[in-house]
Amino acid sequence: MLNVYNMNTFYGDSHVLHNVSLTVEKGKVTVLLGRNGMGKTTTIHSIMGMVPAKTGKIVLEQTEIQDKTSFQISRLGIGLVPQGRRIFPNLTVKENLMTTYRPAENGWTLDQIYAMFPRLKERESSMGGDLSGGEQQMLSIGRALLTNPKVLLLDEPSEGLSPLMVQEVTEIIRQLKQQGLTILLVEQNLAMALELADFVYILNKGAVVFGGTPNELDIHVKNKYLLLSS
Amino acid sequence: NSAIQSTTKNEGGTAKNDGTIKIGALLPKSGVYASLGKNLEMGMKLYFESIGWKVAGKDIELIVEDTEADPQVGLRKARKLIDQDQVDLLTGTVSTAVAYAIRDEVDKKKMPFLVSHAGGNDLTRSKRSDYIWRSSFSSWQIGYSLGQWAYDHIGKTVYIAAADYAFGREVAAAFKEAYTAAGGKVVGEVYPPLGNNDYSSYLTTIKNANADAVYAFFAGSDAVKFVQQYEQFGLKKEKKLIGSGWLVSEDVRKQQGNAGVGTIASIFWDYHLDTKENKAFIAAFEKKYNARPTIEALEGYDAAKIIAEALETVGGDASDPDKVVEAISNVQFVSPRGPIQFDKETHHIIQNMYIIETNLVNGQAENKVIEVIEKVKDPGQ
Amino acid sequence: MNRQVFIGIVAVILLIAVPFFFSLFYLNLLAEILVLAIFALSLNVLVGYTGLVSLGHAAFFGIGAYASALLAKEWSPQFLLILLASVLIAAAASAVIGLFCVKVNGFYFLMLTLAFSQMIYSFVHQSTTITGGSNGLSGLPSPMLGTIDLSNPVFLYYSIVLVFVVVYIVLGLIVKSPFGHVLIGIRENEMRMKAMGYNTALYKYIAFIIAGAIGGISGALYSNLNGFVSPNDVYWTMSGSVLIMVLIGGAGTMIGPVLGAAFIVILETIVSSYTTVWTMIIGIIFILFVVFMPRGLVGFARLFQKLAAHRLPISQKGTKPLVNNEANQ
Amino acid sequence: MDIIAAQLVNGVSYGMLLFVITCGLSLVFGILGVLNLAHGSLYMIGAYVAYTLTTQLFENFWLALLIAPLIVAVLSLIIELILLRPTYHLGHLSQVLLTFGLAYVIHDVTSIIWGSDVLSIPLPSFLSETLHFFHQEFPAYRLFVIVAGVVLASCLWFVQEKTRWGAMIRAGLSDKEMISALGVNIKLVFTVVFLVGGYLAGIGGVIASPILGLYPSMEFQTLILALVVLVVGGLGSIAGTFVASLVVGIVETFGRFLVPELSLFLVFALMAVILISKPNGLLGKQVIKH
Amino acid sequence: MEKDVILHVERISKHFGGLQIIKDVSLSVRKGERIGMIGPNGAGKTTFFHLLAGDLLPTGGKIYYKGREMTNMPNFKRAQEGIVRTFQKNNLLNELTVLDNLLLVLQRKRGMANVWFKPRNARRAPALFAEAEHLLETWGLKEIANERVKTLSYGEQRQVEILLGIAMEPDVLLLDEPTAGMSQAETTYIVQLLHQLPKDLTVMVIEHDLDVVFGLAERMIVLYDGYILIDGTPDEVRGDERVNEIYIGKGKTVGAERL
């Protein structure tokens, strides 16, 4: 569904991603792990066209998208839940959801989002910037779903959510997967990530150092790239 | 010449290029007064061209610097003309503030300066300088000249409206002085800001006041707006509009449509002045520029002529500023505006003032001279 | 001796040498540039360091200029006395105006400073008896330094150079000091600075007063240099042009505003002598600046330096290891 | 009493004149966040083009009102594409320099094309009539200005409140990258809004200049006036600009009536008082908080 | 009031328009206590911190600190007096380097903020720079000391956020989700460091990572819908049905969060 080949991304002169290649299979949850500052967000941003890759190829279904702008990429069917939520603070909750709404047949609607996150309905006319951290995270997820994407990029969606909401979101992602949505998930919450993952990549210093099923992710690899082992 | 040299030596009179005479003109070429500056320059060039850019066998070189009607810039440019270009003579300034700003510099450096527009009274009164002579007008001349006439012919009470800056206030005060001296009564005064955009509020106030006439001093775009709105708010039918000639001068009258018709004003020149000098001047100007001269063009023309005649007297030798100034003071001739000469006491010009009325001629608003007040002299204090 | 001090000393020597080599016109022009450079430096304290963009800074320039003019007329021709008194008056005025202005932010700050300066303008413009109205005050007595008559342009020039050097050094020290860093912090994120325990309103207020006082110095110098003051000194166009000097030179640097002042004054004087469409040429230059050197003259100079030194510009990230926790492993 | 009523009408009509001048700026700066100091210049071009159209080409005011703003809009489009778009990321201070430079360029270009004389736009005859009420006379054109102001305000209010555009622009202002990543071609949105702003500036020029006149440097005067009205109302809301126009119009008119000596002082004093008591203007949206 | 009570909150409340977010909350905190604060999203935890730190003023009620009332004291003053918070959403000086961010904290603490005429550099203020270096070293941020904050990854910025709070040397430290966005490795490391903070430092921490919060806290407060649902020991909270229902969720127990 989404393939990344030998992607290299720079911020100015600093080379952040080194030949990153990923395969995100249709209807699967692919998880991207790695410690802080390893390039996970950069990978997501490069796919989304927000920090365009310098070299490499990104293919969505049959379309090459590495040279497209982010709004085109979004319209091709990639949705984004960004890190840090990036809610529009000066828009109301409803405006946040509806401004970029793209209706689709059997797609998500405002009512469904409200049903999923009743808290958002209660705060419907509050400014996005006034919401609590967790509420903003829900809003960010809802906002992405309302663009009715085929592929969903989630960058730490559980951040700031209460354990109960984490389970809820886990459940939602599972459902989305069942509905055939393709998902690339970046997570620090290993429990959640591994519960959902069909396939796992680990990024270290901007390079892919592991790719395999959750079962193949042994304690060695984890210790080396994810946990504090001193 | 380094700065040290020129400030330690007493006489700055180093040998200049003897072949040409350099005249520096400080005129606004950008900003609100740009068109005045442009017309002054056109007038000057017209005259110099008529004498082949030569006087007493020497070439005339005219260096025009843009003052932006800003005193700081004016001073900077004056310094450039004096220190850098080493001009023999300065002329110009539309803005009185600029003239005041360069007054000390000119005085200190003994640079003959013929003021060709700026009309602030003090220039030939408290700020008088041996080297400054004025060929244009003073605000007093403009305002005072209509006072008696207005009392005799218009009415016993007036309302004064003038743009709120030094010149506007000086003109208004001079009018008031003459008008009240004649026995008239000023029932109210109002001073809208310069460049005011909407006169409706003032006009409503004036309309509801008890006055026979309104004396107004406005110029340029203010004059267009004021005169138009004066008619639109229905004042024209009730109160005669009188004022300075700039209210209905060449550069604004056409834009006012017929709103200005009926206005009475006092001024020192008009396009329709019926003298042979004026006819010749207008013909020459229209031939060269294909447009009517404005009063500023006339000022430029006269200033150029005064300079040329003075230089002729000194035989083209401008090295002694005192002699140049002396020569200027003796210039007199019949200008398109009538006979002119300098008052040696005040350094200010003595000239006729004209009462003009705006009439409709072939569907066009045109001015007509209805009375001449001869040889008006500024009191000098 | 460090390089900056060295460059500074060379610059001062050059300034001292100018009257021996250049004509009076250039001397006066340079004096004017130095005065306006002081003005731009003062505004830069607000715009460049504290992040407060003022469009009313001419208020303090004008107050300094008028105070100096009136004091010279009515009180004493002593240059230093007048300078000191004008600065105090300008500081007092900025203390009053600042009280209100530092309460608002961003564009509202810009407009509130504009409002105050325009109110002062209209006062100056209208109280003809005190300020001379639209004609301004001219024919001011020439300043004295002790018994030296500063009507000699060379002496006056040296006095201005002296004031300029003092102001430059003092401001240069301030912006590099911890206090200066507080101002920069406020520019970047006022809320965080509060959380760090800084009374940001007070710091902004102090910066406003410093800027106002130094603006007053430049105004007082200006009236001494020109021998007159006019309402244009207080008008918003003056605030606008000094803001442009700061921006074109490079806000938030010390040398930037000085370069900006020099650039604008020279450009205006020279270009307008050759063509009537000089506004257009200056406009085009502004546009080119934004497009090709958005960081001002200073940014341009830096880039040039870097290229000349064959160093890679801006970021040293390339050499930095991506991981920051290796030390802990 | 009549005079009070008459002054009130004067105030309202002046207020609407201010609104006509300011609404474009309110859109471009207040809502789009582009500090366009060349806005007054666009206004001026609208006025000058209308002058040429009414005096030299068609002698028809209505046609000028239709065509001149379109020309200004095209010009704004070019400005946006060539100058602003590549420099948005540099922030407001760069925009100050850029658009100020642009204003300088336009200043000279117009004086080359139209000269530096004072000009005025002739009106169709029925608009130059004088109407009578409150025992006072009142120019018909001023009533037209009031109507135009109200119509413009309603259109803008509708677009801002009832369409997604308003929200999109606000979203784009706070996070351009994110709104793009959600599928909005924000650059296009900005371009279109800027173009509409230019169009409104053109309309302002055509409608206001029969009253305010055409003269060199008119653009800077208009700009300052518009900025004042804009901040008094508060950034980010057409309603605020509308209210502010009326407030400024009425206060100024009565100020000139009651204390004419303070005319020059008044607008700025009003603005200062309002900003001191309401730091975000009368109806300004709260600045983005953390 | 007991002598070692450092912070005492008396029936504070906070409304936003019609919404009442904090409802008559009272609380006493003793010096050196480690308090964990949990509660569903939108319960009002962050708002409560805003009130304590002075970023918002309460609509009703009183706050006492070290025996003095400080309900209306402005935020910067509280920071000076020792109540320091970190932000849930990164709130740093993004254009400056990490070191510069830190130095701004240290220079005020060392009373240098009002030095006007002495440059602030390593030569003139060696003690300041040494201290900064030491802190950066301890918190594992030395490599990024000279990076501009805005070029850091999200998790790195979170670490800076905490460091700035700690560097203030507060008496009461309010940490708002300190480890959110941090990787497991960094979380473990930071938690270790938090354990090493001086014993007399009072810490309140909001966290959704139950391992972290139960690891740190000796007292737990559960905020629910603007009021305190439970104020007790970690064990009391762990066992409480209601907490499982509204916050932790069924089938989950604390400690099973991680692998």
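The letters A, B, C, D and E name the chains in turn, as written, and every chain counts its residues from 1.
Simple rule for what comes next: a contact is a pair of C-beta atoms (placed from the backbone, for glycine too) under 8 Å apart; a residue touches a chain by one contact, two chains touch by 3 or more.
Worth saying up front: this structure is predicted, and the values here are computed from it rather than measured.
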| item | value |
| --- | --- |
| Shortest path length from chain A to chain D (each step joins two touching chains) | 1 |
| Graph separation of chain B and chain D (steps between touching chains) | 1 |
| Reference chain A; chain at largest CA-centroid distance | B |
| Whole-Å gap between the CA centroids of chain B and chain E | 74 |
| For chain C paired with chain D, centre-to-centre distance based on mean C-alpha positions, whole Å | 32 |
| Gap in Å, rounded to a whole number, between the CA centres of chain E and chain A | 28 |
| Shared-contact residues (touching 2 or more other chains) in chain D | 107-108, 261, 264, 290 |
| Multi-chain contact sites of chain C, meaning residues that touch two or more partners | 122, 125-126, 191, 279, 315, 317, 320-321, 323-325, 328 |
| Sequence positions of chain B contacting 2 or more other chains | 30, 164, 193 |
| Residues of chain D defined as touching chain C within the complex | 35, 83, 86-87, 90, 92-94, 96-98, 100-109, 112, 220, 224, 227-228, 231, 235, 261, 264-265, 268-269, 271-272, 275-276, 279-281, 287, 290 |
| For the chain C and chain E complex, residues of the former touching the latter | 170, 173-174, 176-182, 184-185, 188-189, 191-200, 315-317, 320-321, 323-328 |
| Contact footprint of chain D on chain C as seen in their complex | 47, 53, 100, 103-108, 111-112, 114-116, 118-119, 121-123, 125-126, 191, 236-237, 240, 243-244, 247-248, 251, 277, 279-280, 282-287, 289-291, 294 |
| Chain B residues within the chain D interface of the complex | 30-32, 34-35, 38, 164, 190-193, 195-198, 200-202, 204-205, 207-208, 220-221, 223-225, 228-229, 232-234, 251-252, 255-257 |
| Residues on chain D engaged by chain B in the complex (per definition of touch) | 3, 6-7, 10-11, 13-14, 17, 107-108, 111, 115-120, 122, 128, 130, 136-139, 141-142, 211-218, 221, 225, 252-254, 256-257, 260-261, 263-264 |
